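Which chain is which? They are A, B, C, D, E and F, in the order written, and residues in each are numbered from 1.
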Amino acid sequence: MNFALPHTSPPSDLLIEPMVRGALIEDLGRAGDITTDLLIPDGQNARARLAARQPGTVSGLIAAALSFRLIDPDVRLVPHAPDGSTVAKGALIAEVEGSARALLTAERTALNFVGHLSGVATATHALVEQAGGTKARIVCTRKTTPGLRVLQKYAVRCGGGFNHRFGVDDAVLVKDNHIAAAGGLKEAVTRLRGRLGHMVVIEVEVDTLEQLKAALDLGVGTILLDNMNADMLRRAVDLNNGRAILEASGGITLETVRAIAETGVDYISSGAITHSAPNLDVGLDFI
Amino acid sequence: MNFALPHTSPPSDLLIEPMVRGALIEDLGRAGDITTDLLIPDGQNARARLAARQPGTVSGLIAAALSFRLIDPDVRLVPHAPDGSTVAKGALIAEVEGSARALLTAERTALNFVGHLSGVATATHALVEQAGGTKARIVCTRKTTPGLRVLQKYAVRCGGGFNHRFGVDDAVLVKDNHIAAAGGLKEAVTRLRGRLGHMVVIEVEVDTLEQLKAALDLGVGTILLDNMNADMLRRAVDLNNGRAILEASGGITLETVRAIAETGVDYISSGAITHSAPNLDVGLDFI
Amino acid sequence: MNFALPHTSPPSDLLIEPMVRGALIEDLGRAGDITTDLLIPDGQNARARLAARQPGTVSGLIAAALSFRLIDPDVRLVPHAPDGSTVAKGALIAEVEGSARALLTAERTALNFVGHLSGVATATHALVEQAGGTKARIVCTRKTTPGLRVLQKYAVRCGGGFNHRFGVDDAVLVKDNHIAAAGGLKEAVTRLRGRLGHMVVIEVEVDTLEQLKAALDLGVGTILLDNMNADMLRRAVDLNNGRAILEASGGITLETVRAIAETGVDYISSGAITHSAPNLDVGLDFI
Amino acid sequence: MNFALPHTSPPSDLLIEPMVRGALIEDLGRAGDITTDLLIPDGQNARARLAARQPGTVSGLIAAALSFRLIDPDVRLVPHAPDGSTVAKGALIAEVEGSARALLTAERTALNFVGHLSGVATATHALVEQAGGTKARIVCTRKTTPGLRVLQKYAVRCGGGFNHRFGVDDAVLVKDNHIAAAGGLKEAVTRLRGRLGHMVVIEVEVDTLEQLKAALDLGVGTILLDNMNADMLRRAVDLNNGRAILEASGGITLETVRAIAETGVDYISSGAITHSAPNLDVGLDFI
Amino acid sequence: MNFALPHTSPPSDLLIEPMVRGALIEDLGRAGDITTDLLIPDGQNARARLAARQPGTVSGLIAAALSFRLIDPDVRLVPHAPDGSTVAKGALIAEVEGSARALLTAERTALNFVGHLSGVATATHALVEQAGGTKARIVCTRKTTPGLRVLQKYAVRCGGGFNHRFGVDDAVLVKDNHIAAAGGLKEAVTRLRGRLGHMVVIEVEVDTLEQLKAALDLGVGTILLDNMNADMLRRAVDLNNGRAILEASGGITLETVRAIAETGVDYISSGAITHSAPNLDVGLDFI
Amino acid sequence: MNFALPHTSPPSDLLIEPMVRGALIEDLGRAGDITTDLLIPDGQNARARLAARQPGTVSGLIAAALSFRLIDPDVRLVPHAPDGSTVAKGALIAEVEGSARALLTAERTALNFVGHLSGVATATHALVEQAGGTKARIVCTRKTTPGLRVLQKYAVRCGGGFNHRFGVDDAVLVKDNHIAAAGGLKEAVTRLRGRLGHMVVIEVEVDTLEQLKAALDLGVGTILLDNMNADMLRRAVDLNNGRAILEASGGITLETVRAIAETGVDYISSGAITHSAPNLDVGLDFI
């Protein structure tokens, strides 16, 4: 199952199957779809069209296809606008064909995945468009919806964004509390370098230009500039002078993102694209 | 763990623990919180305040408390504004105390739960407020975020709303496709009554007043009026004349809900309160 | 996999697979079927006939088929008397064909499912037959064997019975302790109606005709008459006069059920059909 | 948790917790006990008495205690008639004390375990009593209720019986099909001895005295005599002359067991004590 | 999937799938194989040869095949030297063909299984070879690598060894602490015989010839001789005079095993073959 | 539970509990520790000393403590030589106190963890010692024992080593096959940089000095030098001239590691420390 555009590698079915299975069981409960089971004949087949009811960027077809397949392995989902496509209102996203019972039973779960993940991809894509032409990349955060991180990170990629850490284990992000507890930035960075191998990136969060300077002096290669406005970010870019990778964070909206992108920062991170993206309205119409 | 206001019964820890555990593991990955483990001394304690950074209705403290407790059973979360409270910007929601490592390690997961579920509660509460003084109740749907249905349904209750079906197994909702496959509404209802016991509610979805009349003639006790405007809903209420419970569905927004509530329908269902509610901004500040 | 008669919708494989897998692992332990693995050649095929060694009503073929299939996806089970069939002693229920090793390894688990669930269906069917010609329907309870509720509820349907609640979450049943704690029946019903949506049935348990009258006066639509004899049940039916759905419960046996059914109650519930049904004797004979 | 009489070692909580947790979740579904949650005040405590409503042998208190404890760790169950006790009608089995909500929520699951397992223990004990004074021991089989083998095997011990194999992996039982496929009894036994270590018992099933003689000549130490009547069993015991351990199987009932025990066989196995034992009627009465 | 030589029955896929799935997820983490996903085209196929880089005995192909198949069901692994084969340096063990992405993604997990299990088989085979021509059989112990017992026990069989107990539940091994707590060997054996059925082997561990004599006098049929040298073992064999099965344990190395085997003991047990066997060096070379 | 020396952060109990639980269940099977349950009185307490029977570096006490605690929460393990300590033969590692049954039941699982992980730590420490005084750090690989990666990586840290990637998802390692499929090193690196965010390290594997030069010219910051001897490594270090971090891999043994460390490489990776480390002999002696 690999419905995404070539530049957006989807997570393996092995990784997302537990999520899809869990979502189906959450909906089927103990007795299953009693309305469908009692009213739809067992051998009846059906075809349906998955379509966008508003413009947006598609994500989640891989989970939708798995939703149908886990109910009935013979259901076939043919993507017309694969994950990562940007579609107009009314566009056909995919066609589904198979047992009418299976289609009706899995419909809501499939739509919940596509609607939610396309919402994330669409919100991401909007920021990416705004930052177009600058070198700034849009990245997500760990502010994700519980249980859906892997899929939301994928949806961000579908929207043209990049991924930050997947969790607290695959990279280091040093914040105020860590620095205070360690007895200062230098002590913190020294200790981390003394304990961590060469495959882990260390990023330090700074609130002021003084802190930025201190981090640069320590040779920190990746720095998060927290809650700075465009003006201050520009000065940070100047001060940095190309040494560290700079990430702007905090207060990123459709209105502010362009100005921030134009300051010259390398990355702009947004929690809203994962935690506050409204669903994309998609529907399944039986033919 | 029972932090909710008396009128909102929270789900048992037995039911939500797998979700919280899954969310923590999703964040801890394989190596755990490497930044915290390397920089924060093992025996150090800390206190932090969970506060609202914007006004809203609180939900999810039960999941936040469990997040901390699964990392360290000795962490204590004392709620100041329990689930179901409506709070002003800046209000203290809860205090957390315990191992500094545990607080930092579980912080993001706890906030992700409270932010998301308070967002759902706040969106629900806004509709409930708008419908105030009418008899109409706000209900959620099955358009929920995959994996979070139990908690989102609880957040709806925290916001003053009511729950519709939890899944396809605990009540019947007869839609167009079911009626067509069964050979007509009468055939569908007859078959369902012949097969289902007395503890299952049968609801029928209708698009027109003619369909409504047909359902009423069959003695259907619960009817969903799909995508009708306020004017048509009023005529449906007249036609019904108190016989069936009426639920209005489709196109419910903060702008339209008041007029719909005033038509005299009993329930108004909204998918947006679960699938498109933006996070409530909550933060954890260490003291 | 859908071996049941049209009027008995079986639970989805997605829901019963964990039970079947668990039962197989419980039997295979760590080393698997060492007798079979050491004595039966790997490529050898076999055919076997599943037959009833006593008359009864069949249930559980869906679980038996899954038992074989989880050991070897190429094993085929062809039902001759699908779930819901009533068969004579010696009747052929199904034929199984495939790897001899797989047939021997899964045999006991498959038979344990069919024997147990056919036992439940047979016990149900006996009550249904006794109540034949009356309007009374036989329903099961929550007195089920731990871990098997979904399948036992299905077996009850195979036997011609109906299902009561699947759990404590999908309908309300108000008992003595609840009424006492709430401060009276009126208070209890009022509170429930104030908190629950329109998709949940509220049933109240009563022991006396006075309590029945009180419940009817409150407009309760579904009432459980607990431990009343036929005479008292008849008076309850008179008093009800068609207003509420009446369920008789307690002391239901093959000897008493006819008289109770003739009182005019709508439902008769029995715990014994799930918790005390003896196995139906079925055997697998290799050809 | 160790409520059984000294001579009946109960399975570790680590092993039975998944079964108890599964049974609770099966009953709680998604929303939990909505009747209790809405009507019983959160802080209210209660006491209840678990009593036998008919005479029998107790088993399953360890699972009942765990049922309450998984809902609320503060509930205390004090056994008066621990697992393995034989009680009269009306006897107090245990007292339970704690949160009224927890008691009501876990009540049905706890009773389902105690009722079912005490049923198994009682059926076992009846056979054991009948065989009293002979050397014959009553043993169970693999004809168990799916998912409950560990607990049913324990219930058999509570009833004074012994356990046969726990599965197909912990001992060998050679049947007709195995012998045929291996090319004869001698070939089968030779192959097994050549492949299996010294910690695995090999039992061979025989239908005739000729087969018994062949097995004894091969030095087989444990032999199952299948479907032989008392007369034939007596001749088998004579022929054996103390060499092998003999197990009688097939057609064991309360009526036949005494005569079979008196033939001098060592073990008598019964599937009915696990697959067809009716529930023991136990009730929980709030004080 | 059944790649083993006829005399080594492999565990069912049902039993090992959780281990293989767990190992893959442990390697894929949350994001999957990002290097492969970004660099290898989706539709590209590949072939690779699994070869031995040093001589040894093969085990674990069944787990390797499952590793590839769980990533992509269309990958085919054709064994050339099935589990249980002894191969020379450079020998082709198997060929794998299918999606290049799947091959690269599952490669390390597949190799980790084959390398580890072939290491166990090779270490076992070395002891078996040393003991060749004597009646002594090499057996493993419970000193296994956590989580891999089923597969390690299989690897021991692939190496020509035999299995001891799979756990503490399928046979009895009475040690010093048990005897002391029971009040003596006689008391211990009497109690065990009074409580255990006929399908459980009782083995007693002895340190001295006096203890051996006591155990033989009690009719114990299986005796573990702990930490005795060859000389003392020979005296034990004499004293036993063919009555009990004797197992030598402790201090078994490639250097000592021959002398011990020649003492006439029946079994020689080694923990090192499971807990300290170095990996067999195997590689996967793309063609 | 935090028994490690300050400089080695152990994984959270939340992450290792499933491994320990799985290992216990693997040993307990279905019936539990039947020897102990039948011979050791229920209320009896015991104390035992965990001691090293050979010199080495300790790791795995956190898993041992959890093993005992999952059987009985009241067992206490007091570490004397916490994880990361280097001990002499005979040294006391920890004391355990609690129920005698629990100690005996969990003993083997606890020892299997400590023995295996201390083996890994000891093998790591030996390489670390050899490289002492140089700047080279010893790192592990993904050649780990299936199912134990998190704990083995921790054991490597206990031995003074560093961790490489935890899986294929948290960093990039570009090998021959990737480069070939991408159409060259430049294309591969360009594509990766275009798709990956700033928190992922990209390492490239090279076999020759020409490849090294090409990688350096592309600005690759982390380079794996595969299977180069000390002489060639020295030339690589010269060529690098401090630009990239250099990792030597392949053919690392106790004999070769010193010479390689003295070439000036930054990291030396070894698969043998995880996949081929012999157990450290540890024993539990009851007092």
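Here is the rule we go by: contacts are C-beta pairs under 8 Å (C-beta built on N, C-alpha and C of every residue); 3 or more make two chains touch, one makes a residue touch a chain.
Bear in mind that the values here come from a model prediction, so they are computed numbers and not experimental data.
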Set of chains adjacent to chain A and to chain E: B, C, D, F
Cα-superposition angle relating the copies chain F and chain D, to nearest 5°: 120
Centroid spacing, where centroids are CA-atom means, of chain B and chain C in whole angstrom: 32
For chain A paired with chain B, centre-to-centre distance based on mean C-alpha positions, whole Å: 23
In chain E, residues with contacts to at least two other chains: 26, 28-34, 38, 105, 149-150, 163, 166-167, 169-170, 195-196, 200
Touch list for chain A against partner chain D, complex: 26, 29-30
Residue ranges of chain D touching chain C (in the complex, touch as defined): 19-20, 22-23, 26-36, 38-41, 44, 63, 100, 104-105, 108-109, 111-113, 115-116, 119, 142-150, 166-170, 172-175, 177-179, 181-182, 188, 191-192, 195-196, 200, 271-272, 275-276, 278-279, 286
Residues of chain B defined as touching chain D within the complex: 2, 6, 9, 11-12, 14-15, 149-150, 153, 163, 166-167, 170
Chain B - residues contacting chain C, complex: 7, 137, 139, 162-166, 169-171, 195-201, 203, 222, 245, 247, 266-267
Chain A residues within the chain C interface of the complex: 21, 24-25, 28-34, 37-38, 42, 70-71, 105
